[in-house]
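Next come the structures, one after another.
Two complexes come next, and they have one chain in common, chain A, joined by chain B in the first and chain C in the second.
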Partner chain A sequence: MLGLSKKDLNLLFIVFVLTMCAPFILNPFPEGSAMAQFNAGYPDLMQRFVIFGIFAIGFNILFGLTGYLSFGHAAFLGVGSYSAVWMFKLLSMNVIPAIVLSVMVAGLFSVLIGYISLRRSGIYFSILTLAFAQMSFALAYSVLTPVTGGETGLQLALNDPRILDGAASSAGNIPVPGLFGLEMRDSTFLRLGDWVFTFNVGYYFSAVIMLLSFYLAIRIFRSPFGMMLRAIKSNQQRMNYTGLNPKPYTLAAFVISGMYAGLAGGLMAAMDPLAGAERMFWTASGEVVLMTILGGVGTLIGPVLGAGLIKYMENIISKINSEILHGWFAFMPDGIEDFMVAIVYPFIGKGWHLTLGIVFMLVVIFLPGGLVEGGQRIARMFRRKKTTQDNTPGTTEPAE
Partner chain B sequence: MGILEVKNVGKRFGGLQALGDVNLSVAENSVHAIIGPNGAGKSTLLNCLVGKLIPDTGSVMFDGQSVLGRLPHEINQMGISRVFQTPEIFGDLTVLENMMIPCFAQRDGAFGLNAIADMMKDREIVDRALDMLDEMNMLDKREMHAASLSRGDKRRLEIGMCLSQRPRLLLLDEPTAGMARADTNNTIDLLKQIKDERDITIAIIEHDMHVVFSLAERITVLAQGTPLVEDTPDKIKGHPKVREAYLGEAA
Partner chain C sequence: MDAIILQILNGLDKGSAYALIALGLTLIFGTLGVVNFAHGALFMIGAFCAVTLSRILTISHTIVDETQKDFLGNPLKVDVPYVYDWFGEATGNVIIDWAVPLSILFAIPVMILIGVIMERGLIKHFYKRPHADQILVTFGLAIVLQEVIKYFYGANPIPTPAPDAFRGSFDFGLMLGFDANQIIYPYWRLVYFAFAAVIIGAVFAFLQFTTFGMVVRAGMADRETVGLLGINIDKRFTIMFGLAAAVAGLAGVMYTPINSPNYHMGMDFLVLSFVVVVVGGMGSLPGAVLAGFLLGILESFASMGAVIDLLPGINQIIIYLVAIIILLTRPRGLMGRKGVMED
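Presenting the complex of A and B:
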């Protein structure tokens, strides 16, 4: 079905169920309970899960298949966001044209950067992409202020033209992005006992787009084109002497992953219509590298898992403060309680990066194939008798 | 006129004249060996033929067209395939995928943005790859990662990959280097079989005289960047100049 093998179809189905049931899965603890702070089922965070999932899926098409490590992918995300906001300002608050423009502009931008950067490979390629991304950041932050809004970022204003729906904006409020009347920020709540589940329009819109992106990524992985990209990673010399030109292949992969990043950027703007230069900063480019490696380079579902884990830690662990810690350790004698809090404290709140760093190190050292490899090991333990070869390509290639 | 015509080719690396003034003509559907002591310029000559190096002087014509100034993949698409000294295969890919890539390259050209189709449903390509694997006696290894093959199997796979492109000229760079005697003999048999069953020209660079004299129909002896003699194997064996430059050392 859908042109996929049974195994891939199962994978797609799992991702489908996970995304569609996310409001339940991510809200396992009742409202008001001590564990409620570990709930991640609120729209803002769920949107981020799927949007960064798209970003990481696209990045993995370049990095996972060809082995070219781009350190400037956030530039395409930022360009996508700016394009979408401009579309909201000039044309319409409908998200469709905004997202289409984001993808197109990011695509064009990645043709330019890719064409130049792909003249080199390995570390030189990474540095070139990093340089381009930092240049884009600097441009967006200062020089191009009329286009990008500079330090304050690009925001909507009441007197924006919005040619297609000018009449609607006369109401006095800045309109919000929507899909043919459905506002992205709209939510429905479902109360079951102490549990509250939130179903947000923006989340489901993003989730459907992520499913489509994921489906497309599976098709690319299984296509002749995807095999050529893996061949480039494996042996460019043989590629050349087999009558194949690696350059257009790598450029196509670069542009496709740039368009994925643009799509993610456009969706971010559609969820919250403002765009700032910090989206292009090099840490944002580094984050998607971490997501991909953490989840499993070159695997299909890995980047999505990695994106989810990092965004979860960023939003949940960073919210734990010393008061909450004292609450957890309150059952201990005073001295020991303070001691425990003092030990754990550096890893929470603003120290969540420390936790992320440790998790990242543990994964890279003990599970070079990322979370996916962890999952495969657990699965193998459960069915020892039947050892099947895993078909996920290039799972044991950590950072390059 | 031969399928491959090398005229007055010279190549200099800094102070070293790697190739002096090489003239070589490889007749169509023949097996032509290029031998010579270490540093004679055999590999430099080969690299000039496939576009890895560009000679300083002279011309290289394949089937009436110049190969100079073309990129390696363009030269390959003209019908020249190369087997390397150490097998160059796609180690991370399965044996079957390794065999499918040259089939795609031969059918679809140097670049194809075929990003949606399922490669395993391309029956034409899969069947071609399976046939070639069968011919190479590797059908049972098709799901293995190519990197985990034995040295001899890697060589077979590489030769099979080159053949599945249906080249007109097959260049072999010391195909038996570092092989055990049994593997060497297997490779000789394989190459003999290829020569008998196909319309193909084979140019082979080799150190091992056993290989050269069991395969070649014509031999060019290269020494210090210039061809010493070119003749049939029988004549080469007894040639005094060759003994002096090459076989003399070996014996």
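Presenting the complex of A and C:
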């Protein structure tokens, strides 16, 4: 079905179910309970999960398949955001034209940058993309202020033309992005006892787009084109000798991943119609690298997991403060309680970056395949146990 | 004319910082073949060595001074640094005033130790892995180091002034026959430039004129053969890593009066230093130094009013622009060696 093998179809189905039920899955703790702070089922965060999932899926097409490590991918995300906001300002608050434009602009931008950067490989490619992204950031921050809004960022205003919608909503406010009358920020709530589940239009819109881009990524991974990209990673020279030119394939991968980043940027603007230059800063590019590596580079589901993990840490772990910690360890004697809090405190709250850095280093050192490899190893361990149990003493092994 | 001289001078101190960091990066890359993204963090740690020492020197105990009265007429409580007790007040003041230069002595052993621990503990295991992995793990290490510093010192920049003697500005114009106040230049930046020149000279002399340096250079050229000759090249390369860390740290120590250290200053410098290394040519020490000064001076020329009027925003992007042009036209950088990371 859908041109996928059974295994991929299962994976797609699992991702489909997970994203569609995310408001339930991410909200396992009842409102008002001590664990409620671990609930991630609020619209803003769920939107970020899927949007950064898209970003990471796209990055993985470039880095995971071709092995080209780009340190400037956030530039495309930023460009996508800017173009989406401009579409909101000029044409209409409908998100479809905005997202289409942001993908197209990011695509064009990545053709330009990719064409130049891909003349080199290895660390030089990383530095070139980094240089381009930093240039875009610096320009967006200073000279291009009329286009990008400079330091304050690009925002909607009441006197924007908005040719199709009119400048202001009926109430006289700045209109909000929507999809044919459905406002992105609309939510319905479902109350089941103490649990409150939020179903947000923007989240479901992004989730559908994420599923589409995930499907597209699977098709790319399994296509002959994906095969070519893997060939570039494993041995470019051999590919040359077989009479294939790797350049167009690499450029295509670069542009595709740039368009994914633009899509993510457009979606970010659609959820919250403003765009700032800090989205293009190189640490933002570093973040998507972290996500992809943490999840598992070159795997299908890994980048999405990594994006989810990092965004969860950023939003949930960072909110834990020392009082909450004292609450957790309250059952211990006072001295030990203070001691435990003192030990744990640097790693949570504002220090969550430290945890992230340590986890990231551990993953790079011990689990180059990321969380996915970790999961596979654990699964294999269980399977091995099973097979050893199956080996009842009666069966004989061939002597080898 | 005076504007040009002033811009060259302005470029020198930034260029010295770039050159020092790039020199360390190249030392590590040329010897161990490792792309060290944590080098900016080493620069930052160096700067915080200066902060630490000036804090240590001002550790005080409170005494009640009978000669002074507060506004209620009670004897005033005064914080007296221990340094006063040991060396007397005058000498103590001088020591506290000179905390930044004194930190050099403090920073060298600390940075060498950190460098050696880093190499033996982490980087050693990454020689055989692809460059992408090395970049990633050192990038993670940089985040960790940065966060540790942030935890202990907070997120705000910590002003660390230069000694009183260097706080003023020097009127260069008078020396060259211009009017007074035409070309003035802070003393400390002159000191920084001179210091960078000394360090760079010392590193080159060490590599060029000592037996140890000779072995290291031989190892850079052909590691295997040197190993086959019965020389423990790994040990020497570890020491070189410590040395490179010390160079970065010293660059950081002396930079504190110019720019108050904060926990992300390393990352800001790292990106630029990488660009510098690539422009100079991977693995070429003279190239790194040359490119450092060149880009520093270019950057300060690009921030001249006249140039900005002509090409707005050029001061922000000039370094990257030059890097892109050089990488595309001279694949090996300015002075890159043949066969070192050419793809």
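Here is the rule we use: the second predicted complex is superposed on the first by the 379 of 400 C-alpha atoms of A that agree within 3 Å, B and C clash if a C-alpha of one lies under 4 Å from a C-alpha of the other, contacts with A are read in each partner's own complex, and residues count from 1 in each chain.
We take it that a residue touches a chain if its C-beta (ideal position, glycine included) is under 8 Å from a C-beta of that chain, and two chains touch if they have at least 3 such contacts.
It should be emphasised that the depicted structure is a prediction, and the values quoted were computed from it without experimental measurement.
Contacts of A:346 after superposition: chain C is touched, whereas chain B is not reached. After overlaying the two complexes on the shared chain, residue contacts for A:233 are found with chain B alone; chain C is out of touch. Of the two partner chains placed by superposition, only chain C is touched by A:123; chain B is not.
In the superposed model, A:356 lies in contact with chain C only, and not with chain B. When the shared chain is aligned, chain C comes close enough to touch A:368, but chain B does not. With both structures placed on the common chain, the touch criterion links A:289 to chain C but leaves chain B unconnected. Of the two partner chains, chain C is the only one that A:143 touches; chain B does not reach it. Of all residues in chain B, only 50, 71-73, 76-77, 81-82, 84, 88-93, 97, 100-102, 104-106, 108-120, 122, 125, 143, 161, 165 touch chain A in the complex they form.
By the touch criterion given at the top, residues 3-5, 219-220, 222-228, 230-231, 233-235, 237-245, 248-249, 252, 256, 389, 393-394, 397 of chain A touch chain B in their complex.
Taken together, the chain A residues at the contact with chain C in this complex read 67, 69, 116, 119-124, 126-128, 130-132, 134-135, 138-139, 141-144, 282-283, 286, 289, 293, 346, 351, 353-354, 356-358, 360-361, 364-365, 368. Residues 35, 122, 125, 131-133, 135-137, 139-144, 146-148, 150-151, 267, 271, 274-275, 278, 282, 312-313, 316-317, 320-321, 323-324, 327-328, 331, 341, 343 of chain C touch chain A in their complex.
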